[in-house]
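Report on the structure given below.
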Amino acid sequence: MKLPFKGVIDCDLHLPSPPTTALLPYLPTHWRDQLETRFIHKMNFQLTSYPPNSPLTCREDWRAKKGDGESDLDRLRRQALDPFGVDIAVASLLHGAIALFNEDMAAALCSAVNDFVAHEWLDPEPRLRGSILITGQNTDHAVAEIERLAHDKRFVQVILPVMGDMLPGKRQMWPIYRACERHGLALALHAGSTYRFPTTGSGWPSFQVEDYIANSAGFENAIVSLLSEGVFSECPNLRVICLEGGFGWLPTLIWRLNKEWRGIRQEVPWITRQPGDILRERFRFTLQPVEVPDAALIARIIGHIGSDDLLLFSTDYPHAHFEGVEALPDGLPEALIRKITRDNPLAAYPRLSGGASANQPEKAEQRS
Amino acid sequence: MTRQLNRHVIGRADDLPPGSRKLVQVAGREIGVFNVHGAFYALANRCPHGGGSLCEGFVTGLSISAHPGKYELVREGEFLRCPLHGWEFEIATGQSYCDPKNTRLRTFNASVEHGAELVKGPYVAESFEVKIEEDYIVLDL
Amino acid sequence: MNVPLPSVTSAQKIGIVDCDIHPVQRSAADLYPYMSQRWREHSEMFGPHIRQGLTGMQVYPRMMAAGQRADSYPAGGGPPGSDLDLMRSQHLDAVGVEWGMLVALSKGGMEERNPDFATVLSHAVNDWQRHDWVAKEPRLLAGVVVPQEDADFCVKEIHLRAQDKAFKQIIISPRSAEPLGRRRYWPIFAAAQECGLPIGLHPAAFSGGAPSTSAGWPTYYMQEHYAFCTGMQGNIVSMIFEGVFEQFPNLKIALIESGFTWMPAMCWRMDAAFERMRKEVPHLKRRPSEYIRDHFWFATQPMEEPENPAHLPEIIEWIGWDKLLFSTDYPHWDYDDPRYCIRFRMTDAQRSMLFRDNARALYGLP
Amino acid sequence: MQVRMDHTIPAKGAAVGLFGGAAVDSDVHISVPSVKALLPYLNQYWRQQFLTRGIDRLSWNMTSDPPNAPITARPDRRPTSGRPGSDFSILKEKHLDVFGPSAAIANCIYGGAALHSEDMAAVVCTAVNDWIAAEWLDRDPRLRASIVVPLNNADLAAEEIERRAGDPRFVQVLMLAMGEQPLGKRAHWPIYAAANRHGLPIGVHAGSLYQHPALAGGYGSYFLEDYVAQAFGFESCVLSLVSEGVFAKFPDLKFVFMESGVTWLPAALWRFDKTWRGVRAEVPWVKVPPSQIVRDHIRLTLQPFDEPEGAGRLERFCEQMKSDEMVLFSTDFPHWHFEGEAALPISASSPLARKILWDNPRGTYPRLNALSPEIAA
Amino acid sequence: MSIDVLEPQERRKSGGALQGLGVVDCDIHPQFSTPGEILEFLPERWRDYVRTYGGFYRQPLADTLSHPRMAPDVARADSWPPSGAPPGGDLAFMQKQHLDANNVEHGMLMPLNRGPGNQRNLEYGAALATAVNDWQIACWVERDPRLHASIVCTQEHTPFALAEIERCAPDKRFSQIMLPPKSLEPLGRRRYWPIFEAAQAFNLPIALHVGGINGYPPTGSGWPSYYIEEQHTNVQGMQGLITSMVIEGVFEQFPKLRMVLVEGGIAWAPPLKWRLDKHWKRLKSEAPHLKRLPSEYIRDHIWFTTQPLDEPPEDSDLLETFEQVGLDRIMFSTDYPHWDFDEPSFVAAKLRIGPEKLRAIMSGNARELYGLS
Amino acid sequence: MSKSRFVVAKTGDVAPGTSLRVNAGGRDIALFNVSGEFFALGDRCPHESGSLCAGKIVGFAEADEPGKYRLVRDGEFVRCPWHGWEFDIRTGKSWCDPEKSRVRAYQTGVAAGSDLVEGPYVAETFKVSVEENYVVIEI
């Protein structure tokens, strides 16, 4: 169904990856030289997780048409911001730099991407908020990048792929989380893999569609890792946003974790309350792609989860999950919609709750 | 007191030194009796979760942590781990550590009484032979 | 210190089928009667050769007594699950098991890298199940344990054992070298279908050597144990999308000890993704959830325990009451006792299906 | 430092041993007989964990080191029961007293370091080091040992090095050739910083955690394949250590490759040097040819020395490496690489033998110089 | 900056030893002239697949490796044809710059394009293999008979591989079968044996050119950071491959099988042989199916190509190494148009052997192996 | 042997940061313009004889320690188009192997056309006009 009012917050929207040459002005000389002499600037850094022409990666009517002269920004406004009545959109640019093995090059490119986003997207479009792209394999670089950008309040989260170089709970990653917490930045885990490991526990499947589905298992493992390793003992205020992984699997995760904890607690004695409770407090999940088939079932799932605070509205633009502007499953009650589209996001992001936009949602005009 | 009528001598106190335990059957119930640092406690031998035979679990301490990676074992000997799913119970109270509200073991009062006291009462009727010069463990059911 | 257990419950009255019992060898020598001298020597000299740093099996030490019920260690020595008398008194008799499906995980060659030794182990473990267990205890039924990486051998072993009524299913490792739907495993499915035997998938071993999560090796057993679910999901997705059930329309799969409450969400997710990407897998003629409905069964242990017990029957409705198989996982630490593990109301019909009838139908038990 | 060296070989069985009492055996193996042996060295929490979880029942045999394989112990060094290398009397009587080294460096390759739990791996390492000190080093003054550290958490490893560095009998830090990440990666650097601080070389021993297949194309079928592949693992170590700039960061640090096979190195460096010329700008901290860095910083223990029989490869190796300082004598006790006492593939009286037996180890392990005052003049 | 190609005589440094010798280059990489060129050889179903999904690999970046190379397109900087095609994508330019200039009489094509053997979608892999094979014939061999095609196939599903081999093998324009060393399991494992059986039956050598994507780190201890490391892992990969083939018993099973290692180096082979022999002697009870020393299988069954030439400080060390491998097992290759290309005269100058032995390496050994004129 | 001078190019033919292959006395020579200064190297890499003119003109990457990169002397090195060896354009020396690998470097100069038409250089094939400047190489 359509959004019944304007002023919503879209928590997952994707900016197109620019040609690598567009990043050159944002790189230091050594790296500009490396990119140019090695023709790295001619590479497209296309992530295997999102083949550009796949029917899922971009909705057909959202694809850029050759030669229509419309800028990327105008297209985004026309397709993703205006029609949904978006007040704030948390955008990310998932750049292939995160897949590089050279930590220094990856970090340099991530910085360039972030500066590019600030200048080319956040400056001209005040509705957009940004995600700080970091390389998870070198914590020092990642923290330095967070520190470098933390003053820019338009960046509201730090983003990592859910299936990265290591499970996100590992201690090696903690300096990143401390930095997030220090600066009121959420940690965003986004669907996708750096393919350091097979996308399933028993190796590599044959089809893209299998990898895409495997993201939910990736999220489950990531959440179990963050909880088990004690990240929330270290960073009790860290908020984790799970992007594009679905949420239908949450009840079983909560049940199983709570049960296991009772028998296995001694192994991880820093977990002093039910993991499910920590999860409900610290984790949030974006809506699209909604895998749960209808509103009645969504209500049941929310019942099983035991909280309606956890879902955040998202279009996952330009990924193709719904038609037209029907970004909500049909039949959701308006009170829930209000929570999902507005209250939950404001509460979820430390940097949005600061009143980035305090105006109340206004009722959308009746659309025919 | 009717309670008095349900008292059972289950053994000599010396036979159950600190840190040891004993499974007894009293009035058709299975009961585990534990000596924790000299104090006696009695718990129903059935975990309310999955029905595990609790007496066969490990008597342990409580693992706690001030911070991930920092481990400490405290209150050694005061907790019991179910042999099936590892749930931890405080022996003194029967309380589940993880779920104190909903999961609790049935506990019974266990006390030590001198043989001289016991032989006076009706307890001699128990199968247990009581001598006046020794101490015995008595359960209230 | 075993005391006879109290009252017989309703579960016992119907006579349950336990779809997950683990028989264990006292030592590798238990299998020696079933292998040649050459391989006995190999076993002594080199032992198992697997895709994991430790051959003692546990890179993630378990929490409870090496992964066993602490009360299941036989008084006479040997590991839990190695003493038939104890199994009878502690489990089969105690809870009223009418039929027990053996899942022989240890030393069966599923994870052995030496290809010939793997076949020897498989054959030996199957003989051992037959002679040391089923022959002595008629309530027990065997599963043909085969090394899935060697499909040619699997086919031979399956056909051989299928003639023996003691074998009611085929056991392969869901931690295979490649996801199970890949074509290299299809000959196994063909043989299973031909022989009319279901395939039982029980998380075990480190067969393929891939980390148990898609972001690498977890740190704690708590994570590893969770990965049983996520790992199984990958295999199911693989079997469906690779077209296994288009190719083998009569194949039946029993998922053992992998949970089941995740299945509805998984179906929704698969259907949604399929809707968008079906052109990539044009060999699929139906929606993924339909294959799940027709081809999969789910063993209950470890039973999920929602905060509100009423949530569980709701999930079961979504899956289908006819799809659940009761299991205990005896003698492992997360054993489900049929008298205690179900915390919601069932009708008599549901109870019969869950504890007995579904398994009888799937495995063709009398 | 002046070193007196007796070039004559004493009669067999003489008290000074096979190599004149001056030799250093840079790689002998000792092994923890069972997890139970470590219980006395654990604190309360961990002892309870080990007992209630049944960890004390686990074998922790490493896949890369099957205890009964022929290569793991020479028949005359194999104990009648228990793991090879777990019996002190065999080490003493059949090895130390025969070869008579002034010092033998004991390496305990133990599966505890393969655990995924960083804390548990660290605790096991601490216990193993305590156990080594108490059960081995205290029993024979010739024994020295390597500090066993957890391989998956460099901070905890560095802590263990700090804890142990005060005991001069621990002469190096022990790592495995094939762990979770290549050895040069920055994640490991806290280990190197700690070792550097205390003048401890890093000993890299053959072995794999099997977090990755040893053959790059996945897992092969046979142990033999994996054993041969140890050499490829060491080759990767060379590439990683040099490329990542470990020696640029720690110019005084030395690495000792143990049980590597040795003879693969020249060919590897020819290619590495060649590539460096074209690809140098990627790693600009590599300022001299890799072969030079390797010559300055990497040492290799002798056994097993991969060569065809009687081929004189050791001399050729030194010629090709332009160095006679890289090889350190080792027997790899109790592994089975040679018969009788033929541990040295060259004449024991040659100048090269003197370098290998004595000068090179002493040049590599600064802590050996504090020892055996009667030998060091 | 565009540079005219120099005339052959200008490039020749010391052509004396090679005078009049038509060399056989065992490693030439043809490239698609445009990314779409291969589509013409694919059926519509797979054209659509390529347009929709591209390829599907076990690596994070869809179109490029995660260790960027030092040279653009891994190519010689002077190999970009004026036509605008990528290096190796313009036959006329290749003829002028390489085949004619270096007097190449036979060139073995090594198509690495899109790695059919490493595609995760097996059916696409099979279709792509067929397309690449047809493309080699139509766009290269038919236009220049000096060139010889290699049969690519998708080794992870042997029925597909066998069908493709059976389709192409009778065509004499194919001289060998090509497999990626980075297969899902080490190539010696039995799942691949049907391919070896077919190769033996058709009397075709199997060429293993470094590369491929199998989703495993290229070292036993994980992923290296830099290209300078990753480039070398090819060498360890080759050693692992040989270890696997020998120990698993491939050559015992297929006594007439011949393998060519391309671009994997040579100098490591003698130490590997020593290592294999030494440790097999101790552990032979584990692999009793081997009837001979491992080194003997290598000596009999494996051919090596020269590029990139090992360059020890002393040229004599190179020759010593080659002799230990067997001069009759070494074949010249250039790797044209890749950045680490080797000039024929350069190789000749480094080797310093008599004209007869030089001829064998530059030409004779390959002619004999491949049955060329 | 006495040196000869050759007029090889107009200064305008080689823009700063580029190179040009010229022929002088039968030799192939790579002419570089580094920020207005001209340098001439034999156009043949001493390793495997790649044409240096086809190589990238680059700066020199250096590092004080791992991870700390710096690009210095931008435009003063040429990378061989084949194996990527780096040569100092000013001296012809290989950075990695300065002793053994070295490209022949030639003396260059710039001369005004008005001077040249007077001298002996007119004999060269190069057509010289008085109003332009030329690069002259000494061989």
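Per-chain residue numbering starts at 1, and chain names A, B, C, D, E and F are given in the order in which the chains are listed.
The rule is short, and it goes like this: contacts are C-beta pairs under 8 Å (C-beta built on N, C-alpha and C of every residue); 3 or more make two chains touch, one makes a residue touch a chain.
Keep in mind that this is a model prediction, so the values were computed, not measured.
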Moving step by step through touching chains, the smallest count that connects subunit A to subunit B is 1
Between subunit B and subunit F, the fewest touch steps amount to 2
Farthest chain from subunit F by C-alpha centroid distance is chain B
Comparing E-F with A-F, the one with more C-beta contacts is E-F
Here the gap between subunit C and subunit D, centre to centre from mean Cα coordinates and rounded to Å, is 42
Expressed in whole Å, how far the mean CA point of subunit D lies from that of subunit E is 37
Whole-Å distance, C-alpha centre of subunit B to that of subunit E, is 74
Note: subunit C residues in touch with at least two other chains are 45-46, 63-65, 70, 114-115, 177-178, 182, 211, 217-221, 279-280, 333-334
By the touch definition above, subunit F meets two or more other chains at residues 47, 56, 58, 61, 67, 69-70, 79, 83-84
Subunit A touches at least 2 other chains through residues 34, 37, 54-55, 102-103, 171, 193, 196, 198, 203-208, 229, 261, 263-264, 266-268
Contact graph of the chains (line, ring, star, complete, other): other
Pairwise touch list, complete, is A-B, A-C, A-D, A-E, A-F, B-C, B-D, C-D, C-E, D-E, D-F, E-F
In the complex, the residues of subunit E that touch subunit A are 51-54, 56-64, 66-73, 120-122, 184, 215, 223-227, 230
In the complex, subunit C touches subunit B at residues 1-3, 6, 63-65, 69-72, 333-337, 339-341
The subunit B residues in contact with subunit C across the complex are 23, 25, 28, 30, 45, 49-53, 55-58, 81, 83-86
Subunit E contacts subunit C in the complex at 45, 48-49, 52-53, 121-122, 156-157, 159, 184-185, 189-191, 285-286
Interface with subunit D, subunit A side, in the complex: residues 34, 102-103, 138, 140, 171-172, 266-267
